[in-house]
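Below is one structure, written out as structure tokens; the observations come after it.
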Amino acid sequence: MIIELERGRQATLDQIRDLAVRFGNRVELSEGTGVYDTVHIIGDSREFASRESYILGLPGVRAAWQPTGGYKNIARVVRGNEGKALHRERRVVEVKGLDGKARRFGGGNGKHIFVCGPDSPQTLEQTLATARMAREVGEKFGILDRVMLRGGAFKPRTRPTDWRGLGMKGIAIMDAAREETGLPYVTEVMDHNLVEQIGAHADMLQIGTRNAQNFDLLESVGRFGKPVILKRGFGNEAEEWFYSAEYIANQGNLDIVLCERGMKTLYTKGGYCRNQPDLNACTHARKQTILPIIFDPSHVAGDHRIVAENLMAACGHLVDGSITETVHTEAWRREQLCDAGQALVMDQYSILVEAVLEYENHVAPKMKSILRMLGTD
Amino acid sequence: MIIELERGRQATLDQIRDLAVRFGNRVELSEGTGVYDTVHIIGDSREFASRESYILGLPGVRAAWQPTGGYKNIARVVRGNEGKALHRERRVVEVKGLDGKARRFGGGNGKHIFVCGPDSPQTLEQTLATARMAREVGEKFGILDRVMLRGGAFKPRTRPTDWRGLGMKGIAIMDAAREETGLPYVTEVMDHNLVEQIGAHADMLQIGTRNAQNFDLLESVGRFGKPVILKRGFGNEAEEWFYSAEYIANQGNLDIVLCERGMKTLYTKGGYCRNQPDLNACTHARKQTILPIIFDPSHVAGDHRIVAENLMAACGHLVDGSITETVHTEAWRREQLCDAGQALVMDQYSILVEAVLEYENHVAPKMKSILRMLGTD
Amino acid sequence: MIIELERGRQATLDQIRDLAVRFGNRVELSEGTGVYDTVHIIGDSREFASRESYILGLPGVRAAWQPTGGYKNIARVVRGNEGKALHRERRVVEVKGLDGKARRFGGGNGKHIFVCGPDSPQTLEQTLATARMAREVGEKFGILDRVMLRGGAFKPRTRPTDWRGLGMKGIAIMDAAREETGLPYVTEVMDHNLVEQIGAHADMLQIGTRNAQNFDLLESVGRFGKPVILKRGFGNEAEEWFYSAEYIANQGNLDIVLCERGMKTLYTKGGYCRNQPDLNACTHARKQTILPIIFDPSHVAGDHRIVAENLMAACGHLVDGSITETVHTEAWRREQLCDAGQALVMDQYSILVEAVLEYENHVAPKMKSILRMLGTD
Amino acid sequence: MIIELERGRQATLDQIRDLAVRFGNRVELSEGTGVYDTVHIIGDSREFASRESYILGLPGVRAAWQPTGGYKNIARVVRGNEGKALHRERRVVEVKGLDGKARRFGGGNGKHIFVCGPDSPQTLEQTLATARMAREVGEKFGILDRVMLRGGAFKPRTRPTDWRGLGMKGIAIMDAAREETGLPYVTEVMDHNLVEQIGAHADMLQIGTRNAQNFDLLESVGRFGKPVILKRGFGNEAEEWFYSAEYIANQGNLDIVLCERGMKTLYTKGGYCRNQPDLNACTHARKQTILPIIFDPSHVAGDHRIVAENLMAACGHLVDGSITETVHTEAWRREQLCDAGQALVMDQYSILVEAVLEYENHVAPKMKSILRMLGTD
């Protein structure tokens, strides 16, 4: 830990030293060029750092700073032999379908995984129609092993009177869609009591933005062990997001896919998009963690007419996949009870998939050669 | 619902009209002065409005707007006789202590309720010492019926390796503090499975900022029926906060105290406070809802040295009370495992209580006469 | 103008009606479904709307709303014949070089313009070297008519003691770079007294983020008439940016190129990028205005190692060009006095240009066919 | 300067050392407990630190950090004898009226200065009426030496078609108001060419939020030497605000009054206030600088009905004064062309002044004794 202290604050320095000694550390002082000195706590300072807010409250202390990140289970750079920095291998998260194919998120292979489907299944007919079209898209481009389904049966809603999904009936519909198409599916779980019940059906669980710091749920999903998509909380800084992933990883489950879904900022006031995507956080996640990162253009946009731009923008940051709301035809849009305006019609989605594949083939290799030159690949 | 539509978009207008007819509404068009017209949906348009995002996606639609708020259980202004606006009476939330006195939050009585105590009980000795001093402060100023305790036994922590409180042992310590002093206490509940178990002990429950949109928990607390402090989620707009309260109220529990605890903004970057208080949201809540509003200066500040300024600032917005972290002596601060730096020592807190009482006596009456002139009291 | 008014507020309604009559408007009332009615001001309500804040202060008024945008000189959708909405043609902004070629920004032609060069010219040698390499990149890919130079001789600096550029000596260096390469250049002007002096040399002027609402400067550049790049102020909403452009346009100069350069948000706290790009504002500008939009990945990133990702992300939003800081070799980076860390070395920039061209050829056509289907092209 | 570097990055360390040697510094390395080491640059590292962005771009560098603030002319804590931290005396900014009395801002005397008057003078009659009432308020409470006038003759407006004030005719009206009442006045200057012309009349100049980083204007006002109110730019962090003050101070003018006027945040979306006040920045300014700090409740609120709450909140942070828009009667409000809704009627303002004085007498002494105990007075 590093502490910035006003010069001449002997009493505070003594208190810091006492505390350091108590935790087996020693203190070194470097004189600054201005009126602040820098106090180093030498040795393993984690226990010492747990008193951070006490230290910050001492007279003359301007700042205190713990250099090392604490999300060690998912960190990309860790302490290796003789204390040297080591870059760990990236994690590949696999989700197998009934068709026997594994969807492989991440690992730096540059293969975008396409998760699509309705916001929430309302009828069997509608869900099957969308699922079949998802399968067709996969077949058309020869990427069936990169397509999977999404659909929320349990919906978090800001207003208590809004529709909250079909519950276990919705799960049954998703099961039927999987049966019919062979595609695996992901669905949201909001209550840690339901992790086992929903998890017995779904191929992958999702933790939504409002539950990104519901720690009981995170640990429950961590213990359960199935692959999970962790959305970033819309008020969370990147570090807080990584710590939420660490909650899952800490229980032994490393099959975590991070998902950026847009942040609240003042610049969305004009109403031209619902949330402001923080794409640099995706790149940051790629550098700081071993986990795959995907992007949700639908919740960023809140309007299907800007979903395409947002997904292509995310490709610029080399995300490992996307999760996009789709409906099979324009006619179905008006029947949808939740987030209808942000769902893309499947034939538009199909062209968007093609655009991503073109990107992979023609643009991504150039990008990667730049990143290699920069040492940030 | 009101829709702003580009002139000459006949097809869209027809689609809107079809939908309106289907839900028993009719459509009226007002020509704007520019290139947009305004489409009115006449009649009870709630069902129609549930298709908002579909409508927003139609060609030529620039905006859609539903004038009425949806949190009717807690709203201050409601639809009265012949559709006229009616101002409901403010809600008084009562919490009784073993001393037989009721702490009465809100109702526009201008009497600040002082909730104080440790962030989390760590030892019986320390908690009792703080509780006794809280009682002394109440006695000293003759406001024992306005003092109560706080203390978190279950702590939400961003990092999985941080200390998470004593659990039910912490609850037992709080019970002992109540036994000793007669003061009632509030404590946080994070898991809806534990509402009954914790609620059997505590006099008041608290829902923390990270769970402000944990809807299962909100409904569970709503069903349980005990008074509850609802902190605003740190990424939540005021309306979202009110809707979270509505989740509780919808289950029949109106004993809700809203608590502002600071928002994340970019202006806290410099590190001079942890969160930026949104005091105008307190005034907004006073106008929009019947619920009492209190303020948490400790989590706003993140540093005990600016707690006093922040609490007095909130008094400018006529809040109904405050919840402040306190420790009994400076020496105990360094023993604290969580948020030590933000806890105020009791003898400083005592002067702060005095300052609030002076404010009530000398300043608040002037404020109220201005608000009466403005019709905003 | 549309006003939302609590039902039963007759006195306020009378005041609104009086004001309307005074400005030659009439009032129409639509009953809402809740407790608010909607008051329409019929006729040309611009004068009436200038009293907006008076109206908002009347008892019972919840909101007032003027449907039409006010930046009519640059608006894409305007009031046409019989009041119908008309889509104007997009503006092409031309900047000619000594090489006789015109760089054409915008117009929906899909040809990205590449503006590059040092943050600020420090020596003739260094600037010429970078300029020559810019020319080589243009020749290599056969896009010389899409390359131009940038370089700031007058630098706005947050701290008064920081280096502020070479002034007119820097302009002379940029002149020399143009002489040598034939490429036109853009440079920043901060003082409206210097518009004519700098404008006599430069091919295009730039208004920086700190001066985005320096209205004297905007009008001065508007009167001068040369093409101008208008950066968005880092605290400005999209509408404010458009109004700043309208200040220039209002003086008869429509040769304006809008430039997004990143916003301050709380999510940049972690330090993983300097500013958060608001790419959806680029798409919004494309829909709301006729002006070309370019992107500045260097000031967004604040770090050359994430410039490539950010530029490719902007391509997802189909921007018309970019302005990127470049240095010719790694060795020169450490000599730079301002923003050294964000400048990309020319051989990396060259691959990035290639990536953009690949994007234009392979990905953009797919994007455009989606946008055509959606009617947002 | 302090640099955080991944362990084992010898090449980067060598580059840092080379640079340090070149600027007369030396390097010391402290091993961290994780995978990052800390590199100290010893000696006067200001020149070295000017290469910050180069350093941040080196492989393995995670962060670089310069401990000392750079706004030395206005800093409260400076480097004293033998390098010890010294607290400088607070600055008192005096503005004399024709009545021979000096309005004294700051210095820690706890006497609130009340600046009031119309947003902008429109007619002589209206301005005189408001000015006379301001004088009456001063006389009524025996604080004539704490009252002064405000009025903007040159108005910055987001939209080019909005009314921009009367210009020099408005200045003549303010002169007449001063002549009649003896009260000095402050007025905004936007163009550095007009500093001398306006400054020849006004008793104090104001730099508005949109010009907070118009460096030519700052330096021009600095050279001119009259007292100045410097509003914080609405997108500026506290440090950037202090640096803007430093621009003025650097030219030899220390008669600067800082003014907080509200920030843009996402939480103002609901429309319940125009800007979110950052009151903790006022407290931060009190600790970091010697300058007086005042508060503008009118531009924060954007609605006269919440001006009182906001001003009293600022008193909680012990600001040295306020600048409030007032009109003399309700009837005049509707005539006002700019910001009518935020102006408080004088008889309401009079009660508000009384509330502030009650605060000074009864509450502030308690606050000060807490701050003395904490060492933050």
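Labels for the chains are A, B, C and D, by order of writing; each one numbers its residues from 1.
The definition used in the following text is that a residue touches a chain if its C-beta (ideal position, glycine included) is under 8 Å from a C-beta of that chain, and two chains touch if they have at least 3 such contacts.
This one's a predicted model, so the numbers in the text were calculated from it and none came from an experiment.
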Mutual neighbours - chains that touch subunit A and subunit B alike: C, D
Distance-maximising chain from subunit A - centres being C-alpha averages: D
Separation of subunit A from subunit C, taking each centre as the mean of its C-alpha atoms, in whole Å: 31
Separation of mean Cα positions, subunit D and subunit A [Å, integer]: 40
Length of the line joining the C-alpha centres of subunit C and subunit D, rounded to whole Å: 29
Overlap residues in subunit C, where contacts from two or more other chains coincide: 237, 264-266, 268-269, 304-305, 375
Chain contact graph, described as a line, ring, star, complete graph or other shape: complete
Complex contact set, residues of subunit D against subunit A: 2, 4, 6-9, 28, 30-36, 38, 40, 42-46, 59-60, 62, 67-69, 77-80, 83-86, 264-266, 268-269, 375
Residues of subunit A touching subunit C in the complex: 237-239, 263, 265-270, 272-273, 276-281, 283-284, 301, 304-306, 308-318, 347-348, 351-352, 354-355, 358-359, 361-363, 366-367, 369-371, 373-376
For the subunit B and subunit A complex, residues of the former touching the latter: 19, 50-57, 63, 70-71, 156-163, 190-193, 210-211, 213-216, 219, 233-237, 240, 243-244, 246-247, 250, 264, 271, 302-305, 333-334, 336-337, 339-342
